[in-house]
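There are two complexes below, and they share chain A, which is joined by chain B in the first and by chain C in the second.
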Partner chain A sequence: MKNLYGTELLRELCDIIAPSSAEAPVADAICDILKGTSVEITRDKVGNVVALKKGNGKSDLKIMVSAHMDEVGFIITGIDDDGRLSFATAGGIDGSVLGARAVKLISSNGIINGVISVKPIHLLSPDEKKTVSSANDLRIDIGAKSKEDAENFVSVGTVGTFASDFVRFGDGKMLRGKAIDDRFGCAVMCDIIRENDNTTFDCDVYFAFTTREEISFSGILTTTEQISPDIALVLESTAVADLADIPHHSRVAYTGEGPAISFMDRGTIYQSAVYDFVLKTAKSNGIKAQPKRFVSGGNDAASVHSALGGIATAAISIPTRYLHSASCVIAEEDYYSTKDLILAIIKSDVIQLSEVAKGGNR
Partner chain B sequence: MLSLKDFILSLCSVSTVSGTELLADDSLFPSDLFDKVEKDDIGNRYFYKYSARDNAPLLMIDAHFDEVGLVVSEILENGFLRVVTSGQPDMRALPAAPLIVHGKEDIFAVAASTPPHLRSINSENKLITPEELLIDTGLTKERARELIRVGDRISYAKSQGNLLNGKFYAQGLDNKSTVAIALYTVSNLEKELMPYNVCVVLSAKEEGGCVGARLAAKRISPDAAIVLDVGFGASPDIDSKKCIAVDSGAAISYSSALDRPMTQNIVRIANKRGLQLQTIVENPAPGTNAEYIQFAAGVPAVLLSLPLYNMHTPVEVISMDDAESMSELLSAIITDNSLIGGNAK
Partner chain C sequence: MKERLMDIVDAISVSGREKELLSLIEKKVTPSAKISYDVMGNLYIKKDGDGCKSILLAVSIDSEGFFVNYSFPEEKIRIAPTFSVTDYSTIVGSKLKGCGITGTVCSEKEKDITLSDIYFEPDEDQAAPNIGDHLSFVSSVNEEEGYLLGRRVGIACIISALIDCINNYDVHNTVTVVFAVCGIPGGRGLKTVWNTASPDKAIVLRTLESTKELPILLAKDGITLSDTEMFRKAADMLSSERIDHTLGAVTDTKRDAMSVNLSDIGIPTLSLALPTQNIGKDSEKVYSPAAEAISDTIKALIKINY
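The block that comes next holds the complex of A and B.
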């Protein structure tokens, strides 16, 4: 994985099974990838990894770029007598993408396969045929013959995720995988660190790989309080609906048109000075970017922007179809547009950055 | 020849949405272990193995080779496709599912799912209908038009994985599992022990009205037919009378539509040999090729089923113990000279 870059690195990171509270395998991979670079790496008690790239001293501004390591998944809540497992979702997973999916569980004997069982369609009542299954009514089948048999492998509290292959499709331009939210951000940060290891920026830049975004926006709070950044760039994946049949005003953003910049979502009202700056930086550097045109979703920015005395925060998100399913879909081009934009912001003139750090409204 | 499990998985790795059965490569089948192999215009394949005896009766072993899927009905902006269903795929399994569009080439695609922000409170728990489903090819509309035509089939992308205790999931186990069992079992028989000439028929279009098996039975006019298919695996949330237990071997169906003497003969042979066999009552008819062969071709037919979970989804599950047990049972039945009796004589 160490020698992989770009979406080839993303492929490997997406394959790791790491739902909220079980991010350690991703943290280990990131530490390994960054070994040998000049960043100072620290791991904290709640699982976050922070890589500090010291600046040249021209400015005492601190920029924090962050992405979360966890992905949506499942946690086992009980074992039925017939050996099937009841579960809750860890993070928001819609019932419509649960039934009859393959999953992977982190068992006491390593990773094991399971499937989310469904009643055969032939035996459903007319009402059941029209209704999305809820996690409460579904069970994971690992092939166990009984409760005792299952207990040799799993227990209440065992976690897992969707099983999903990372696939390039759409004439090679689109990527499909689980956990693109937010291994995408992790991969972009690894690329930026490694590709600029011989460059020194004017500011100290903290690259924060955080935990538990999918359930609480809480890992980021710890790093934010430790770092006390002046500017925070939250790298995310945002749900878009640029599908046929959907009215344009509901599409949120468009895959292939660059990262979506949020003015408002369900966790944060972004300072307009920061929002404007990010879009202007994209435009002046000829990098594709677009506004996120719908107030939906939420992310770590909710914790960051209101932390300490308030922090100038931008959410920069890759437009993602079918978010929180086994098939997150992105345009590969957007990966590189996002990376270019983050780098352009970090390299911006320090006087300009100092103004942005003040946040505020235009 | 492959092991039975590897043979099942290799058959599951090809898509055969109804009407495309003959696109499966001939090299998938152990044709050299049979005396004669034929295909017909409707999409059936026939694998004959002859008894060493003269004038042996002809026994048909039918297993349908097609699977459920989708068919392209319209090409939309941004390479999205509108579809209709072929057979009865489980719509609960489709949103965000990986698919293969069988166009000029095989094209990976994803079934779209509606993001929560676009769902009203009233429709929150409403399952998507085939009419609403969109397929995302990731192509431009122009490229999609070059590669895909209305009428092209779409199958679930193939995924396979092992569960505990010899169980495994794969797409297409309905009915590639019993197709494999039929070919594997018959190819391993010694001709000297065969009281019957056997024709294994891989029938077409079961998921669309059992057309293939009906025509096959008329074409070869066998003395009797054994139909192999999958049945609903039992779980606590299903009426136990409508399903059969996984890890308990194959099941034979008692049904007013099927041949009673041969059904009883099979139960008797299994008991005599101490082989696993469950029974299920399916009245008035089981909804398989069996009653079509019986009714349309006038051929005495019985039904043996392999228990399977999650039918018509990408994660159909069977137990390898059941598959081995069904093969052993089938071998015992078709080498027993008292199988065809009663009405068939």
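The block that comes next holds the complex of A and C.
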């Protein structure tokens, strides 16, 4: 993994099974990837990894770029007599994307394969065909013959995720996989750190790989309080619906048109000073970016924005189809547009960055 | 009273885009006041006293509004509310203004209206807004049968009283007034004020949906309790100064007091409410004597040695 870059690195990171509270394998991989670079790496007690790239001292500003390492998944809540497992979702997963999906569970003996059991169409009543099952009604089948058999592999509290391969499709530049939310952000940060290892920025830049976004937006809070950044750039994935049967005004953003910049979401309303700056930086550098055109979702940015005395915060999200499912889809060029935009922001004139750090609104 | 409120009600202060109103407040306060802003966009006005305590007077000044989230030639302009809307039919026909344009909220349907059905129609000869632009309800103030009427009139009364406090009252303790942003989205602006103001105690002002006709000292405000000692001293002071008031407790979703009270350093708070009817609607109204009394109440509360 250490020698992989770009979306090939993303492929490897997406394959790691790491739901909220079990992010250590991703953290280990990131530490290994960054080993040998000039950044100072620290890991805190809640699992966050921070890579500090010291600036040249020209500015006292601290920029934090963040992405979360966890992915949506499942937590086992009980074992039935027949050996099947009841579960709850860890993160927002709609019941319609659960049935018959392959899953992987993390046991003390290693990874356990399973499938979310569901009645076949042949056995569904007309009423059942019209309804969508929720996690409460479904079970995970790990092939166990009985409760005792299942207990040899898992227990209440065992966690897991969807199991799906990362593939290229369409023109070869559309990417599909689980955990793109938010291993995409992790991969982008790893690329920026390694590709600019011989460059010194004017500000200290903290690259924060955080935990528990999918369940509570909480890992980032610890990191934010430790760093106390002046500017925060939160890398995320945003749900888009650029599909034929969705009205244009409800599509949120378009894949292939660059990262989506939020002026408001379900978590917060962003300072106009920061929102405007990010879009202008994209435009002046010829980088594709788009305003997020629908108010939806929420992410770590809401926690960061109102942390400490308030922090100038931007949410920069890769447009992602079928978010929070086994088959998240992104356009490869959006990966690179996002990386270019983050780098352009970091390299902006320090006087301009100082103004942005003051935040404020129109 | 009406004249004092007109430009406050007229100024745009959509959640997250409150600069127009904050600039107006800045202009209204005495030049000797110490003014500053924080990163969130909250406005602080500080008045030094000789006492050893620091008192914060806090109010969220934002109002309901919209962001333009879809604007392309030949297509309908879509808008997203910054507040919770339970019945979209109630906002259809509303006049909006912001970012240099005016227009009307329209709907594609007459019944069962959802967010997907509403759009913004700019007035004739007006340019289309950009995605991310904000729009505010158009509002004005009227007086009728002892009441002040108009959308935002309640919060305008509180803002006016606080400006009066800054300009005209002597203070014993140092008093910082914060006019906070983003109150409607969960009291977000007030979450950060501890960092800038670091007060010993805080008085949080708000409007409260009520037909009462006196300012209300709140023992409970949302999921937060007023500090017991502050509450007792405040009630005693108002009684001894013969300032008409009432006591109350409310369990609603307003988060302002909680944001201050449960901030990182923990600040004892006291909540004071101006009873207001039909909050957030064109028919919003405040009993005029209550609006006058809120000023006297603040004056008395900042005299207390908490």
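Throughout what follows, the second predicted complex is superposed on the first by the 362 of 362 C-alpha atoms of A that agree within 3 Å, B and C clash if a C-alpha of one lies under 4 Å from a C-alpha of the other, contacts with A are read in each partner's own complex, and residues count from 1 in each chain.
In this section, contacts are C-beta pairs under 8 Å (C-beta built on N, C-alpha and C of every residue); 3 or more make two chains touch, one makes a residue touch a chain.
Model, not experiment: these values are computed from the prediction.
When both complexes are superposed on chain A, chain B and chain C fit side by side without a clash. When the two complexes are overlaid on their common chain A, residue A:Asp60 makes contact with neither chain B nor chain C. By the document's definition of touching, both partners, chain B and chain C, reach A:Phe294. Of the two partner chains, chain B is the only one touched by A:Tyr322; chain C is not. Aligning the two complexes via chain A yields an angle of 130° at the C-alpha centre of chain A, spanning the centres of chain B and chain C, rounded to a multiple of 10. Contacts of A:Glu8 after superposition: neither chain B nor chain C is touched. Once chain A of one complex is fitted onto chain A of the other, the partner contacts of A:Ser250 extend to both chain B and chain C. Within the superposed three-chain model, A:Tyr275 lies in touch with chain C and out of touch with chain B [touch as defined at top]. In the superposition on chain A, contact of A:Val115 is made with chain B only, not with chain C.
In the overlay built on the shared chain, the residue A:Asp32 is in contact with neither chain B nor chain C. Within the superposed three-chain arrangement, the count of touched residues of chain A is higher for B, of the candidates chain B and chain C.
Our summary of the superposed model lists a minimum C-alpha distance of 9 Å between chain B and chain C.
On chain A, the surface patch touched by chain B in one complex and by chain C in the other comprises residues 250, 294. Across the complex, chain C meets chain A through its residues 15-19, 37-42, 67, 69-70, 72, 75-76, 78, 80, 82, 116, 131-132, 134, 181-182, 185, 188-189, 191-192, 195-196, 264.
Across the complex, chain B meets chain A through its residues 76-80, 88, 90-93, 95-98, 107-110, 112-118, 124-128, 134, 136-140, 143, 159, 161-169, 232, 235-239, 242, 247, 287, 309-315, 317. Within the complex, the chain A residues that touch chain B are 80, 82, 84, 92, 94-97, 99-102, 112-123, 129-134, 141-145, 149, 153, 163-165, 167, 169-171, 173-174, 176, 239-246, 250, 252, 294, 296-297, 321-323, 325-327, 329. By the touch criterion given at the top, residues 247-250, 263-264, 268-272, 275, 291-295, 305-312, 357-362 of chain A touch chain C in their complex.
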